[in-house]
Amino acid sequence: MLVYYLIISFLIGVGTAFNRNQTVRIVLLALFMMVQTSVTIFAYLHLNTDDLVYFKYDALGVIFMCVLTLLSFTTIFHSHIYLRHRRDDSRSQSLYFAALIMLIVAMTCAYLASHIGLMWVFIELTTLSVAALIYHERTSLALEATWKYVFVCSIGITITFIGIILLSFGMGVTVQIDFSFKALQEQLLLVNSSWLKLAFLFIIVGFCTKMGLFPMHTAAIDAHTAAPPPISAFISTTLMNVGFVAIFRTYSLFANTAIQSWMNQVLLWCGLISIIVSAAYLLTVKHLKRMSAYSSIEHMGLTAIGLASGGIGYFAAIFHMILHSFVKASVFYQIDQFHRNFGTYMIGETGNYFNRNRAGGMVFLLALVGIIAMPPSGLFVTEFWIFKAMFASSHFVFLILALLFLSVCIYILAKNFLYILFNQTKNLIPAEEKTAASETWSQYFLLALLFYFGINPPVQMIQLIEEAVKNLP
Amino acid sequence: MSLSLFILFVTLSFVLLVGFSKESWAGNIALVSVLINAGTSSWVAFNAVTGHPYFEILGGGSIFGDIPIRIDALSGWFILMMNFTVLTGILYGRRYMKHYENKSGMIPLHFASFIINHVSMIGIFCVQNSLAFLYLWEMMALSSFILVIFEYKKPETIKAGINFLIQSHICILLVTVGLIWVSVRTNSFDFNAISVFSASVNPEVSFFLFLVFFLGFAIKAGFVPFHTWLPYAHPVAPSHVSGVMSGVMIKLGIFGILRMLLLINQNYLTTGYFILVFSIISGLYGVILAIVQHDLKKLLAYHSIENIGIIGMGIGLGAIGLGIKNPILAFAGFAGALLHTLNHSLFKSLLFYGAGTIYQAIHTLNIESMGGLIKKMPQTAILFLVAAMAICGLPPFNGFISEFLIYRGFFEGIHLDSLSLATVLILSVVALVLIGGLALLCFTKAFGIIFLGAARSTFDHEVHEAEASKLFPGWLVVLFILIIGLFPQIFIQLLIKPVSLFTGSLSNGFQVMLLVENLQSVSMVTWTFILAIAVIAAIKKFVVRNRKTVTSPTWGCGYVATNSKMQYTAGSYVRGYRKLIRPLLQLNKKEENIEGIFSNPIVSETHPYDKIEVIFIDRPLKFLNNLLARVRFLQSGNVRHYVLYGVIFIFIVVIFSLLNDAVTYLTKLIKQI
Amino acid sequence: MINILLITFAISLIYMGIANRLSTVINILAVQGIILFGVSLIELIQINTINLIFILFETIVFKTIAIPIFLNNVIKKNNIVREAEPFVPDFASIVIITGILLGSFILSNIINVEHVRKMFFIVAISALFTGLFIIISRKKVVTHIMGYLVIENGVFILSLSAGSTMPMLVNTGITLDIFVSVLVLGIFVNRIGNTFEEMNVDHLTNLKD
Amino acid sequence: MRGLGVILIIFTSFFFTGIVFRTKSIFSGRKGPGIFQPMKDIWRLFQKGNVYSETSSFIFRIAPNIYFASVVIALMLIPFGDQKGIFSFTGDFVFFAYILAVGKFFNIIGALDTGSSFEGMGASREALYSLLAEPAFFILMGSFALLTGYTSFYDIFSSIHFGSSISYAIGALASFVFVLIAMIENSRMPVDDPATHLELTMVHEVMILDNSGFDLGLIFYATHLKFAMYGAIIANLFLTPGKEWFYSIPIFIAMQILFAIVVGTFESFMARFRMSHNPQFIFALTSISLLIFLTVLLIVGKFL
């Protein structure tokens, strides 16, 4: 199945790249989304079956694949709105969508890859394909951001590769090593722990670039800033999910070895420092997109902590990532409208959004509730579980610090969002065109999902997540 | 159809209804919804209070698991209290909001969150599943946050709103930690697990557990030093909201503390002392700061802190009673606390409604610019006077009854046990007396300056009495205030069940009867007092019936050109007092000196600021901010550094783990030696 | 034989440290490509032709021919000044690179893993850090790409020294990725050249907090 | 027989203040008015019509009634020897204090109602001083409760029996405190000088500047009653229980007269404090009563 998917989507991608006709483009995109959806459904139906040698429809991959497919719909929808309002020429639109399709395919493959090398390849591919999208606006800032993102990610991915090689050092056999996750799991048990530690360290640091964890979170922030809002939505949701999947796979690879507690320590520190850093920058940040990016970093940190705490933490981490994708995507889609309304991303130069654009204002209000993890937001439940896991694994100091800095983040987010919504002090020029309320439906849909999953998540999802975490200690 | 499902259904449908309704309709729809919910819950609650607790299990799906819903006498009492205040609140609010229609576009959202707020409060009182409890609690905080920021056009409103949101979030975090602790150890979300757990560990641990919960709930209840959100949140909220918040919402904290006291079995004597001391500080500090406030609502907010202190004293006394196994102490304490909870919710909401009416009449809350309002709005004045006397704990109103019960307990306890108990109790008596006296000072000031004398400033619009439908809820409250004040024996009997939840272990039938008789005689004297007033009035009328009564200007002690500027102001009224407690206050003064013989007009301002806020909130935040500023070198914008971070991180981790290994190795070596 | 090659590689690293002309750096990269070809040839002599072709492709075609030419084009196109403009003086960089060599030598002695050839390990590690050093110490954007390439070479040697290789498909993917990323980076260098008149990384520090 | 105490108090109130004035005048070498002069003044006031300020509202009109009523109720709670007061229940002294507070409350707001530039001053002082004086009373009652184990006027007074020497000390101290409390409550020397004629230095007098006629009479008489009432409390300390009433009545009256003379002497030999000194002085009472409490603790033997 996957091979057809790859071929068809490749063809569609090429088609989009060279086609200049609007309707044809839409048809192609619809076609692609059909393929994407059908492959997703296929993947769910053929759970735990291999495909194309190096791919496997395992639970983890399928979950995030579903999220990706869902968000692809909305992202393509909002990309259309975005491009329409930018009045881009047909050529750049074609490039944009071609790159988008390539990105989606690359991410899908990265989720499903059951071979560490291949996963590596596709992750690098996502970097390259998203570069074109980040640079879409062709401004000097976009250029800088893209340069940084591509460069840092390439270096990071190289570090990961070094980690993989170190792994093979540790195994000590000079014959061919099977680098598929399944095979590695057995082989790792007879590697001495210092090699394992070294390898894990390199691999994790490499993947941090994608997931946006300290120490390699820096480039992702800039990418968020410069990219078109729909793409920022992708970067901070599905692309970060790619990083998470990679880290999760690595973690579960090493989980049964002797170094697990050490691993947890490293991840805990990564997570905690990420939260602290995001809190520190949230305090001073003026740019709405950067603010949302930092909040993503904060959530990634929380997820890492959840992963490191084990127990229900594994479950919570995956759940958290999913829900975070929903809320963050809707925020970034809304930011697009926001930008159209004010012509700026600078929080200080805006205000009274609640009255200027009621529908959008409500999205921000609900999204604020979602992000700061207050009920009915589902993140409330996942965070509760993560805290519980921390307590259960008796990381009390981490728990207290995390709670403290999370409160700081909440304070800042609330402050800024409320400023945007209600501040009356600025006398602003009214927006030139009213944004249609219909553009916010997708966002409301995502938020509704967020709230609903917080109360009563579908059984299938629960089963998938449990399936994904079942062979972790 | 089970109760909870019914209420949830009603709420959902009405929230949607309000959300999509006309602004002018929202209030009434909300009223209907509140009526239905309050009606159903009150029915169950009343049964619970009279001894038929309610129990049901709500299926919470894969996340919450089974949600036990228990309405025992305690929950029942609180639900009844809460329902009444919320009801008056919405009755008042739907009139109050008429002034804002088609101005802010916030009204449907406002009333929707009012309904949600009400329901989540009902839920908090009866849901006994940790996660669901937290969920509801956050819903409550969130909805009340929306309620607070209604007048978002003022920047200070938003500021106060955020402050409120964060502090209630801290509160929820502490409670969360406590609940997580229990659920991790027992891995069950049911509240009964708490008592099981606390039974299984030694008293110190369970006291610590109680401490965690207490601190959490203390923030909500507004115990000093966790009170700092109150004086900001109450003034900026619409009056019916501040009435409900101050009347009911902060009682959630009290409820939490009482619930935990029930669930966590511990060394009650220590707990009692702890709570008592805490409450004394809160009570005194609250009223001490209340007096110097000249923003009416802020003044009332500080009084909430004071009354929370009084309630806390009751709880502490009760706990001590449990500790030394003395039923009458326990009964008096808990009964006093519960009754005062009700009383405070009555007169405080009444005061806030009054404040709201005044605000809408003259568009300011600054006491200094009021005066002589009693002639313009007599009914409001009477309502305010009743509430003011009630909050000072003066007979024949309800405030006295609860304070009397607590006094009873104190004096009962003095000659009972040890030296320490006697000393603590006499000091608490002094504290309670001082609180009473200070409250008297404060409310003579408030009432006197606001309503009496001549108007201190002129308003460009006509000041007139509020319409009847806005005064009606006030009169409703007054009715209850009087009933409690004049027939306390009835209410004490209503309290028997809730209190016996605590004192059940000690046999207290006899003492209850004793207290009932006691209150009977109190009410008798009170009646006599009223009678006496009537008689004297009659005599006076009879005596002066055919003498002429002259009206003339106020005697200015020889100075004839008196004007309203020469009246005593609020500031001057409390000046002597302010000089006494100077060290406790932080007054930000802005004074100009007078130059020349004929000096140009000068302005001097004095803004009281909360010293505890400086110590417990401002300084730590500053410290945290500086701390975080240290981290802000990372995003330097230079790609070379970005690459470096990863490498450095790897190095650091490697070095650390090497060091770690070395240390472990050395320790092993040393062990061998 | 291998050792000689590897030592020349190490020397090339030192030379790269002091090379203050971009063209020389590029040439050195080409040379390194050839060396790598030799090394891998000797390493994998026993295996089949496909593999051989792949190696040939990977080293000679990419590393020695395509990328240097491409980089030269980039430099010409943006008429970049020929100097490498290091932050640190040449002498210092020499010292540092020597230090890196020594350090990796010591490191390999500390870690000694039996089945990993020391020479490979030392050279690989020093290549990694030299590349990093070049990235950090040079002003020009182009030099970043070069540093990246050096790191890649280091990784290549490291993987050789591990002896175990990925399956052919994956290997191809990896190689392609690296090549494409270099291309992309080059393209962006062009963009930067168009946007900012002077090819200096200090222009690329506007996005910060 | 329950009403006996009330009757006696009312009776003594007729000449109590008179005696005070008389003592003062004698000490200052004057003959002075007859001891019923104050009552005559009040009677004269009752004859008069009322003058109301036009700024004032109905509060000002009802305030005196309530003030008077509160005092009446308060003295209904006072026992007499082994006779209960008309009302007697556990914790009645709490009610006693609070009912007086009600009167004070109305007194104060009545003063504020006139919108005068002076009466507010008096009101604020009154509020402050009474709030400072309250604790002393409660601590005193607390120590009695501790001593006797009862918590109502009647039980306390009927079961106080001075055994040891130290308990006499308590009695003396207690009566001293009561005297001072009475002075403050009725705003006499040294806190306030009823004979002063400078509004700026008045406390109680300045509050009733605008009252006239019947109201003023009520207020004055209430003051006298209050005085007599405190006298009665002090007397109760020394009415040893078990005696027949015809023994205790003379003792009672003697005590009252003694009290009045003491007050008079105080006033004639003491100068009024500066306003700024009053708070310390009043609060000193609280510390004295705390001292009493400690002594009681000593007696009941909890200092172990």
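All chains are identified by letter, namely A, B, C and D, in their written order; residue positions are counted from 1 within each chain.
Keep this in mind: a contact is a pair of C-beta atoms (placed from the backbone, for glycine too) under 8 Å apart; a residue touches a chain by one contact, two chains touch by 3 or more.
Being a predicted model, the structure only gives us computed values, none of them experimental.
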Touching chain B and also chain C, the following chains: A
Chain at the geometric heart of the assembly (C-alpha centres): B
Between B-D and A-B, the pair joined by more C-beta contacts: B-D
Where chain A and chain B are represented by their mean Cα positions, the distance between them in whole Å: 43
Where chain C and chain D are represented by their mean Cα positions, the distance between them in whole Å: 100
For chain B paired with chain D, centre-to-centre distance based on mean C-alpha positions, whole Å: 37
Length of the line joining the C-alpha centres of chain A and chain D, rounded to whole Å: 79
Multi-chain contact residues (two or more partners), chain B: 632, 635, 639, 643
Two or more partner chains touched - positions in chain D: none
Chain A, residues touching no fewer than two other chains: 147-148, 151, 155, 221, 281, 284
Chain pairs that touch, as defined at the top of this document: A-B, A-C, B-C, B-D
Of all residues in chain C, those that touch chain A in their complex: 113-116, 128, 135, 141, 144, 148, 151-152, 155, 158-159, 162-167, 169-171, 173-174, 177, 180-181, 184-185, 188, 191-192, 195-196, 203-204, 206-207, 209
Sites on chain D touched by chain B in the complex: 46, 48-57, 59, 62, 65-66, 68-70, 72-73, 76-77, 87, 89-91, 94-95, 97-99, 101-102, 104-105, 108-109, 112-121, 123-125, 127-128, 130-132, 134-135, 138-139, 141-143, 145-146, 148-149, 151, 199, 209-210, 213-215, 218, 275-276, 279, 286, 293, 297, 300, 302-304
Chain B-touching residues of chain C, taken from the complex the two chains share: 132, 135-136, 144, 201, 204-209
Chain A residues touching chain B - in the complex, by the definition given at the top: 147-148, 151-152, 155-156, 159, 197-198, 201-202, 205-206, 208-209, 214-216, 218-219, 221, 262, 266, 276-277, 279-281, 283-284, 354-355, 358, 369, 374-376, 380-381, 384, 387-388, 391-392, 399, 403-404, 407-408, 410-411, 414-415, 418-419, 421-425, 454-457, 459, 462
Chain B residues touching chain A - in the complex, by the definition given at the top: 61-63, 105, 131, 134-136, 138-139, 141-142, 149, 152-153, 155, 158, 161-162, 165-166, 169-170, 173, 176-177, 180-181, 183-184, 624-625, 628-629, 631-632, 634-635, 639, 641-643, 645-646, 648-650, 653-654, 657
